[in-house]
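Below you'll find the structure I mean.
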């Protein structure tokens, strides 16, 4: 039941067509959320600048292509579409099924991201700076970067600035301090967010990566390091969750 | 907003005292659950036979006594009151503050349970049988037993029937097979639910206890054993959660 | 030794063919369970409505086909046959080897379940409602659904109602509250059973799934979440154990 | 070397008193950070609105009192002072040693926080809403609340709105949606941030607490739940780290 | 039902007082284990040389004293009594309540063992050698030593022969190689059983101890080390389980 | 240096060909173990009845074949040869390279064991009984069985006697109680050794297997269950270590 | 800004072309490390004798070949090049792309190491002795050995000297005690460093390997064993990190 | 048997007093290590400059005092004595029992170290620099500092230089780069060794501390961080093991 329907029901009561008692019955069992279900979704998209997002992993290429088609059909709005954890096969299916946007769609094999850019509007107020420790962390960084861009943010990046060569990081302090939000991506010991957190006043979203071997335990060492960061402006998302970090950052950057 | 209030609002619309538009505004933001908030609680209590329950741990004796007083004052119904994880100090405060029910209240130091029995109505359809492996598991078993009783169930128990002396368990097979629900409590290797589950057709609620040392890891060994039970009628609750097991069992026993 | 053999032995004593002393010797070492070995199994099947079940994983397709043939041959009863964790190769072998039931057998590739339906008798008293959080949890949900059906239950399902969009769940409250048992399946943070448990009076069987990545640790995060549920009508089975949840639910639904 | 000293050095070069070569030598080995060491700290305080903070745990009451005295003496600025993880003994020592601010200092035994309020200036742009699941989570919530206040934020709170009674949370949706940043505190299964994250567009800082027993493993269950949240606007800080959550929230609220 | 009662029943059949059919009914439901319940216990004690054992932890001193009295009263046999994980208070209560054996009872505060020696018969065939790595492992070693002695074994010990000073161990090779069973006790890295296992042909029972700090994780490091021993004659018991190791060793030593 | 060489050296001293001082120098730095290096190995083989063993995993088929050839060449003794964790390719290489024993060699694909039987001498005093819980545990059971046989033991086995159908185990009590050593193999909850340990007086060597899924954590659940066994005659070896269990059992069976 | 540029700036101040104030501005924000960025790198290489190192894992063969070409082009110095975690495909690409050094380059498939030897200068003062426990540890040992050699050290090795055959180790005591640094590599229980540490006075760098199965948990058992070593001259690097151990050893051997 | 005794034995052979055969018998069973047992210990002390060390934890004050007395009595050498993990009570007992050195003995309550300085000889070649991250890490740092001093090293320290304020560390780069060995102590995320390792060419011994709360897991987060350090000159010792780090550093500093 949407607002219009609710209005009609109440008008019927007002005009005597429907008794108060019967209206009570209908309203009592009405799923509350139904009232503004679509609106909530709509509002979230408007406020957070969320692109339409599909988590590709575990879906067939046909399914993903179908969902994209449905998105493009039903939305008058020109929101960007973002598919994460995808592969070349999914990309081919998406392009085949949606020829209208084939030219606007790109596949990034390193991070497994597909983007369909339909809007280049910038809704984030400042710059999101994405910092990563090693070259192996770049796939996660790229997922974060593309997500942040598709959500309407200006993004800068700073790669391969691990803490064992601290001068590489210090050289780029200007870039860091001018960002409104910093996303900090590191595997192994996950020490980068502590150092970066101490250098900037902005909120730092830390992303542990599964890069490493042995006692890195698939990213657990980095995760624990980040949760125990001695810098107090650091919060953490799941291992390898570049997408999530960009969502949080984008959500902050709109404030 | 309860049903009566909703009726009044709609009558106001019906009589022209309130416009349909204003009613829409009020209803649109009305927290849905508010409509039947009290009722839900009421219904749950009626259906599940839940006694009023207070988790004593982390509350001062004064706070617990005050909550009990409030329960006794506001409820015309004569529901039993159950306080778990309590101690002698809390018991003294409860008795002092609620002289009217002092005689009906009892403290069980082994399990730290306080009961205020105000109803002896049996609402469970069958018998809940509580089986425990070792003497050290008895505190958890007692918490389960008292909880099940306060919720209106007939309860039997079978203590100290660990699997290393399987004959002790087999001797009491009749008791086991005649139960409608079985609660199975064990520490150390937590093997009892698998054996019991194979002997009965009833659902078995398994409770791992923190009894043990070394590689029992405070109940983790028993918990894992129970989650991996080769008997397919076994489900599991948290370590030492005798209360929870009795809630689940009671909820089943009312079906 | 079955009942007839025991009778013969005692008749021999009665007729003086066997001395009491010798009978004592024979009976003293008699494996007690041997008396009713077959009966116990028979009784369990009758009471719990268990279909014949084969755990396919780790068995060759020939082995599975052979077990099915043996089941179909020896059982006059028309019980359903259920094979879990199977694949297309096993399915082909089962069909080839059991042509008589080939039309009654189906393979569900998503969950890896094979069913041979020989009875559509409903023995469960109410409806089992299967609720799952995300689309990736559906394979586990399907295993639960097919198991519950093969065991003679009416089953409904509610998929993709994760807690981050709580309105989707609230919209279907009627379905939830009318179920006699609820099976609640979720990966990632495993929060669904707590919310569902608070909405219904029925017992909730929670199934953590291995869906997720990074700090989901193959379902451990969801498992821990469910074991620590603040709703007191929730009990838990092993990660991805849709079959086990349906067994427990079916066993409750027969009470 | 501060800015003035650098100026003097360069003036000496300019006036010929020091050769360019010698200045190179001195500047080459000059610790860079020394230049703006004090300023950086100053800037961080100004920008982030950080009160002066002392982590009380592991320090003697005399040490804490001494640090407070030093803070009060050297700072012309009227920044608030915050001492976390303190006790009554530390509070007494702080009051004795700093009589000038004794009236402005308060001790909150539940959370172990001492505040010395010297400024009531509000520097945060919006409201930080602190939501907690159970009454046992309130100490951590209080640490977050006092930290956020001392850092110049307007703060609202919403306690005891755990997910097993989802209606309690939905009733207060207005409070939630009007906040600029949400801090979400929960022990046990840690499901609250997922539900809250789905209801609001603001960033949600999740704090797992060590509340629980058995398989909560001192907050690990809640921590994992939060890291795996299916709501994409959630990031996480360390277990029981109410202080850290408030720092991150405050840092966002100033953007 | 004991052997005599079974004999009476069969005599009744033999004499025609009881029909074969009725005897079948009684025997069919007779709990099998009841037949030889006492005997089994008796047999186990005779065969394994088990002393009567009480696990003192979690029992009150009154309870332990009462159990001891019951043991001494009912047993004509002169078996040794062993109480593990006890303290001085329990010892006092045991002595007070059992004056007859007060002189025969001893308390070993290091290991918390109480012994009541009533028999010095040696039933083990060879020598059990107890080897421990560091002085802090001696409490566990003492528990093993006293248990083995009370169960009728000749015992030798070799303390403080950790692997970082391998010569200390090699000096005593004769003692090691002449033992029939070796119990090997070590905390920290738990390497001793691997070295000892390589030096002897006898079975080695390894006991990890909780001695250590930091990454010893309360004995987990030692436990894992022992489970992964490259010596193939090593098996392992629980952390700090000196009693269990001695039971296994005693049971082997009687073969 | 062997005993003969030592004798020659001392004869040289005795005859004046070598001064005492020079002999001191040679003996002082003589690696002690060198004296009886071969003998120790020889003795171990004789006493423990160890067959020659090769751990196949991680070795090429050529390497394994070469080691076998060397064993067969250098040993006059007719010891059995055992290769564990092997595959069909290794088996082919072994047969090709060692035609003389090709007929005596067998490959068991289930367990990956290759045996070359050259002696059927029985050196173990009693029977080793191998008990396993489920059909999936049979590969580990087979490794144990073949190892025990190759080391000269009489072996019996009892498969598929898991604790959820306790009657299956009780039926075979005679087989269990007549064994001199029991090897007990189980995955999932690992409860079998506790039940078996309570039924027999013999030492029980427990082997956890990696059979299971979800919270079995690759055998950890079974391992913990066995380490916490409430039966005191149980000791444990590494997960899936059928070979190790048979070594320990064989070593006991020779006592 | 390098030293020359700094000199130019200061010359400009000296000559009056640039005011002291403006120079302060430029220098104040100058990234300090920029001054001697190249030098630091240069110094590290000179002092530590580090070969140029490429971590091959996660890089394409083309990328690795390109990096090697760049190294060879830009460096007048004749430093050795080391590529770790590589494979045959990378080796082929490296040879193709760098024909000038094709003859000097070698690939070691066991450890996945590629070396390009351009200098045979020995810069380490003593011998690094690499000791490993089992044949399966040799790949890690080889990585350590080649790394140490490429960094200019004399290296000896001692393989297959596990602690269960302690005589094998004692035979080679001379080799051990004459080393200046010992690298000790072991999987399974990781006991070797404790024994070796007790035999030598030199620092021992312990490397746990992921060799083992079951409760070795991919090297965790060995790692914990080494961290808890009772020998006080032992420090530890990550699981399978032969490269890291050789770096530490090389760095010590240059002192 | 020492060298002299061996000489006597061989002289007896040489002179015909002892036959070669009998000498073989005596030498064959001679514990090899006995030859140089005392010497080894002596050598280790001389080479490694180890003070006499007593681990105080778990020993009574009387025991420690007695061991100290024995050390002082038997040693002509004037080695320093070091007691770690001690308390005031142990210190009092040591002073009472050893009045001769009472003035030379000191107790450091922060770290629980007692030193008896009898020699101020410096045997280490360079400076050991001890760097720690936070004030709470100082107890562990002090244990390392006093151990290193007692073992004859020049020691410098740098406290409270955590990575969240990187400028504090960079200011003291000279101190760091002039050290021959660096000990790096940090709790929480344990990031300091990675940063320090990148700044210096010397070997860095990393010590994780148990400082932290929540997801620091008693030092595990710091330990994992250090094991995964991206700086290749870092090796690690056990959590809180300041003593061990100083032993390793001292052993290196003597090379």
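Which chain is which? They are A, B, C, D, E, F, G and H, in the order written, and residues in each are numbered from 1.
Note that in this section a residue touches a chain if its C-beta (ideal position, glycine included) is under 8 Å from a C-beta of that chain, and two chains touch if they have at least 3 such contacts.
This one's a predicted model, so the numbers in the text were calculated from it and none came from an experiment.
Taken together, subunit A and subunit F share the touching chains B, C, G, H.
Computed centre separation for the pair subunit B/subunit F is 51 angstrom, with centres defined by C-alpha atoms. A straight line joining the Cα centres of subunit C and subunit F is 39 Å long.
Once the centre of each chain is set as its mean CA position, subunit B and subunit H turn out to be 55 Å apart.
Residues of subunit C in contact with two or more other chains: 31-33, 166, 170, 214-216, 220, 223, 227-228, 238-239. Which chains touch which is summed up as A-B, A-C, A-D, A-G, A-H, B-C, B-D, B-E, B-F, C-D, C-E, C-F, D-G, D-H, E-F, E-G, E-H, F-G, F-H, G-H.
Those residues of subunit G lying in contact with subunit F across their complex are 135-136, 166-168, 170-174, 211, 213-216.
Against subunit H, in their complex, subunit G makes its touches with residues 32, 43-44, 47-48, 50, 125-126, 170, 180-181, 201-203, 205, 223, 227-228, 232-239, 243-245, 247-248, 251-252, 255. Contact residues of subunit C toward subunit F in the complex are 29, 31-34, 37, 40, 57-59, 208, 210, 218-220, 223, 238-241.
Residues of subunit F that touch subunit H in their complex: 3, 6-7, 10-11, 13-14, 16, 19-21, 23-24, 27-28, 30-33, 35-36.
On the side of subunit A, the complex with subunit H involves touching residues 133-134, 162-166, 170, 188-191, 194-195, 197-199, 212, 214-217, 220-222, 224-231.
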